[in-house]
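I have placed the structure first, in the form of structure tokens, so that the comments after it can refer back to it.
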Amino acid sequence: MKADPRDVLTGTYYIDGDIAIAYGALAAGCKFLGGYPITPSTAAAEAFARKAPQVGARFIQIEDELGAIASVLGASWAGQKSMTITSGPGYSLMMENIGLGAATETPFVIVNIQRGGPSTGVPTSTGQADMMQSKWGSNGDYEVIALAPDSPQEGFDFTVKAFNLAERYRVPVMLMADECVGHMTEKVVIPDASEIELETRRFYKGKKEEYKPFKRDKSLVPPMVKAGDGYKLYITGLSHDESGHPILDKKLLPDLDKAGVTNKKSTNRFLVEKIRKNRDEIIELREENLEDADVIVVSYGIISRVAYRAVDMARREGLKVGMLRLITVWPFPEDRIAELAKRIKGFVVTEINYGQIVFEVDRCSHGKTNIILVPHGGGSVHDPDDIYDAIKKTATEKKRYQGVLEYTTSLERSVFGGSMAEKYGK
Amino acid sequence: MKASEEEKKHPMENLLRMDRIPHIWCPGCGIGNAVSAFAEAIKKIEYDLDEICVVSGIGCTGRVAGYIKTDSFHTTHGRGIAYATGVKLGNPKMKVIVISGDGDLSAIGGNHLVHAARRNIDLTVICVNNFIYAMTGGQVAPTTPRTAFTTTSPFGNFESPINIPRLAEAAGAVYVARWTALHMRRLTDSIVEALNKPGFSFVEVIAPCAMYYSRTNRLGDGLNMMKFYYDNSVIKHGEPTENVDIGFQEEIVIGKFIDRERPTFSESLKSWQQENKTGKQGGID
Amino acid sequence: MKAVENIFLKGKHTLSGFEACAEGALSAGCRFLGYYPIRPSFEIIERFINRCSDVDGVFVQMEDEISALAAVLGASWTGRKSMTVTSGPGFSQMMEHVGLGVMLETPCVIIDVQRSGISEGLPNAVGGGDIMQARWGSHGDYEIIALAPNSPLEMFELTVRAFNFSERFRTPVVILSDVVIGRKKEEINIPDQKDIKIKKRKYYKGKKEDYLPFKYDEKDLIPPMVDIGQGCRFHVTGLTHDERGYPVMSDSCQEWNVHRLVNKIRLFSDQIIEVEEDQTEDADVVIVSYGATSLDAIKAVKQARDEGIKAGHLRLVTIWPFPEKRISELARKIDAFVVPEINYGQIFYEVERCSRGGAETLFVHHASSQVGQSADILKSIKKARGNNK
């Protein structure tokens, strides 16, 4: 399906990432935004609120982030494409309901404009330290999809993509932007509605009485219905079977073995399987100069733009450096990393944290290559020279290390007067 | 004539963290008045400063804790009262005060306000109501009057605002008062009363945001607006709280609305502990 | 203070894991419990409440889990050792305050009784899906300590150790337990109170007016603490702060803060990590397990050995920080790891990562229904053996 021309603000703009994300949501046909103000994501909610009446969308600013995401789940079951926008601490508050959303297979989009953490941290500066949280933050097992834009233009494009993925897989999709992307003003081109391809929600078409909310076919994604269509559907966050009803039998409860028997009927495993099995369809990567590369820089989001400069510097010096940019951070491109690891000298992973995605790279390389982390605590982005140095070090390194090697950045040296790890004899 | 060293000092120097001045608040903001009144009140009650603890949430008013020279905590958004509950129970000797904004206390922290008042725990809550979320750039708040413009209600606010004194009363607060930021002396006296009152006391300070609220609604500068509320407020002590709603640029009712007695949490806990010493409840094995 | 020694249990007692946990907390000196009732953690709370008034302990049932942990953090600063008890969904709600606890370096203990499944899941069934959440659940960078007991005695001992770690490292410590261990009743031998090692909080001893809340010791990267009400009149904030506890919005201050927060645990992880190994010296296949699954893993190892397969067992007592070195070391010697978990793969990823291609890593989804049985684990051991013949 093509986008509705009424929703698409076609034209060339000079706007910041937050606004681009709001416009992307509108273009994707998002009709509900539940939010709570938090720096640095507020501009997005404001832009959405301004434009909402024109396209018949609704905006509600609710009493807290728990309420915001709960309202989004509700709106999604009412048949609307819905999303919420937040940042670090708000994201932490949403964890319980992200679990509910995943358990009830509710399609929705969460935009997280990451800032420096933990806790209140540096609200007006950047960070990328919520990446693992986006996958593991709620209790129990589930899979999500996470995308990382690096510019306002991608903010627009990926928001549309996020809605498409959410509708196709009935899963929470996280748009993991950061403060730099959110507050950066750049040219954004919004294409004609006819050029924006949208995924429509797959609705159930059979007989009303036979409808089971979680009965799935080969695609592993069950079709949905709307609240108010007369299905009298029942949805619960308790472990449920196909019919959507909890598999709790009072008689069985004290006896764990028997409670487990009913557990087999549980649809929980599909929550992970539907993403893991469709991994190849979901994953998108940007690869540059990988064919002859000795060293590959792995990055995502804003930091990939810094890394490009370092890669450029290294290339000009004749070092064979490639660039692998994660567009989808979750699910993680395991196979691709494993394949590349076999033939290179090392991965240089740059992120604005003290090691999150680098552990995934380490895992998927199966010890076949060196892994160098160029960390950063947040508050600003890396110095490209640091990344360049790390590339050079990796390219010339003969020794094979066990585990992630943490590069001592110029920032660490300036603050602690050297490498902390060395100081404490590690 | 040259001022002596003593005269150069700020009169509240032993109460404020002078190394943190200048503060972050904008010119014309009423939070400073609230802090002054609070500091004055602390002076008046002659309580040992070492045994006072100020807890704040997040937001403009949330920064108050950082300027008061007592043990002070800047916690997470909305959770100041919950944090303070832990402090009070952990060390009942302390006088614990929560100073935070309207969004922090009545929206995200609304539940904690309700339940702390219900428990009647010994806290004094000072809520600076600026009608808006100011720290994040002027979004609509639960206290924003109807029809007022904000960045997230660009066509005028159509939601009904919350009446916080009424909520506090209904939940069980023993002391509820409201003043504007210009009623300095009355506000100070009121805070003194609240601090001396055992149980959960609540003081609301009306101080509309000088930047975002006044600018988006074209209400002049901060002082103008403070003056407006000073002139357009009627003092009615004991007024039923159902009558103290705030409308857009309308007259407001201020005063001491509630002053009553209920058993406090500490008293109840103490008697409970006396009764239940040495395993009356069974327990072992 | 009056003689409270009498109220602590000593010698042989038949206790469930939950009861032992509450007793452990009391012995460790826990004097504050903030909680919100949630199945199946309530048994710990009941026990603690019934016993704590004898030692002037305080408890409060807050209005939700968010405030429960907030109150615990507040109480911890008054000098009381504090804890909260919860389960899956409640733990999710606490995530923001785990971050605050880390940032303010507040010692406290969170006991998470894991239940089955995502969201509300199966409230009374055994689960193990909060392992990664404990490590990564709050936003921003931090390190955490998490322990996984596998018997009532360990529920006692590890609770004590959790308090000790939280005081030593000034950080929230999570106990990842579950109903199988919690409801298991055993006769346990509780040591005399004076024989239990209790780590005291490191207090600041200098002049009151010179106190800087985040001035850390170079030795262990931990700043000494003071209590509220001691007269130091300090300020702390969840914002990125300097030594004085005042907010500073710069990347160097962020580096100063967060890098130390991470390293105060990473660089001292040797003092924390404990694993229990059984017959790993000559093993071809090693099972890595923790908590309830370890009971079944022990059975499976025995069965495998009976059948002549050289199987070994490594049990994680501390889950976080992860025993990376030991797993890497073993990976070079053995053929395969088998990782049974009551989830769809969490610690498995860590084992796979740390084995670095040295050994094959097999995941076993040990469903709640299979807890108590070892057949699926044994099958995987055989499969691993077959793969590597």
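Each chain gets a letter, A, B and C, in the order it is written, and its residues are counted from 1.
The working rule: a residue touches a chain if its C-beta (ideal position, glycine included) is under 8 Å from a C-beta of that chain, and two chains touch if they have at least 3 such contacts.
Keep in mind it's a predicted model, so treat the numbers as computed, not measured.
Colleague: Which chain has its C-alpha centroid farthest away from the centroid of subunit A?
Modeller: Of all chains, B has its centre farthest from that of subunit A.
Colleague: Write down the chain pair with more C-beta contact pairs when A-C is set against B-C.
Modeller: More C-beta contacts join the chains of A-C.
Colleague: Hey, how far is the Cα centre of subunit A from the one of subunit B, in Å?
Modeller: 38
Colleague: In whole angstrom, what separates the CA-based centres of subunit A and subunit C?
Modeller: 28
Colleague: Could you give the separation in Å between the centres of subunit B and subunit C, each centre being the mean of its C-alpha atoms?
Modeller: Here the centre of subunit C sits 37 Å away from the centre of subunit B.
Colleague: So which stretches of subunit A touch two or more other chains?
Modeller: 89, 119-120
Colleague: What residues in subunit C touch two or more of the other chains?
Modeller: In subunit C, 66, 96, 100, 104, 237-239 touch at least two other chains.
Colleague: Among all residues of subunit B, which ones touch two or more of the remaining chains?
Modeller: 74, 76 - these are the residues of subunit B that touch more than one other chain.
Colleague: Which stretch or stretches of subunit C touch subunit B in the complex?
Modeller: 7, 9, 13-15, 32, 34, 47, 50-51, 53-54, 56, 58, 60, 62-64, 66-68, 70-80, 82, 96-97, 100, 104, 227-239, 244, 246-247
Colleague: Enumerate the contact residues on subunit A facing subunit C in the complex.
Modeller: 66, 88-89, 91-93, 95-96, 99-100, 102-104, 114, 116-125, 127, 129-130, 132-133, 135-142, 236-239, 247-248, 253-254, 256-257, 259-261, 263-264, 266, 268-269, 271-272, 353-354, 356, 359, 362-363, 365-368, 375-380, 402-403, 411-412, 414-416, 420-421, 424, 426
Colleague: Residue numbers of subunit B touching subunit A in their complex, please.
Modeller: For subunit B paired with subunit A, touching residues are 58, 74, 76-78, 107-108, 110, 133, 135-137, 139-140, 142, 151-155.
Colleague: Quick one: in the complex, what on subunit C touches subunit A?
Modeller: Result: residues 66, 88-89, 91-93, 95-96, 98-100, 102-104, 114, 116-127, 129-130, 132-133, 135-142, 179-180, 221, 237-240, 249-263, 267-268, 324, 328, 343-346, 349, 352-358, 365, 367-372 of subunit C touch subunit A.
Colleague: Give every residue of subunit B touching subunit C within the complex, in rising order.
Modeller: Per the touch definition, subunit B meets subunit C at residues 17, 19-20, 49-51, 53, 55, 65-66, 69-76, 79, 81-91, 93-94, 111-112, 114-115, 269, 272-273, 276-279, 281-285.
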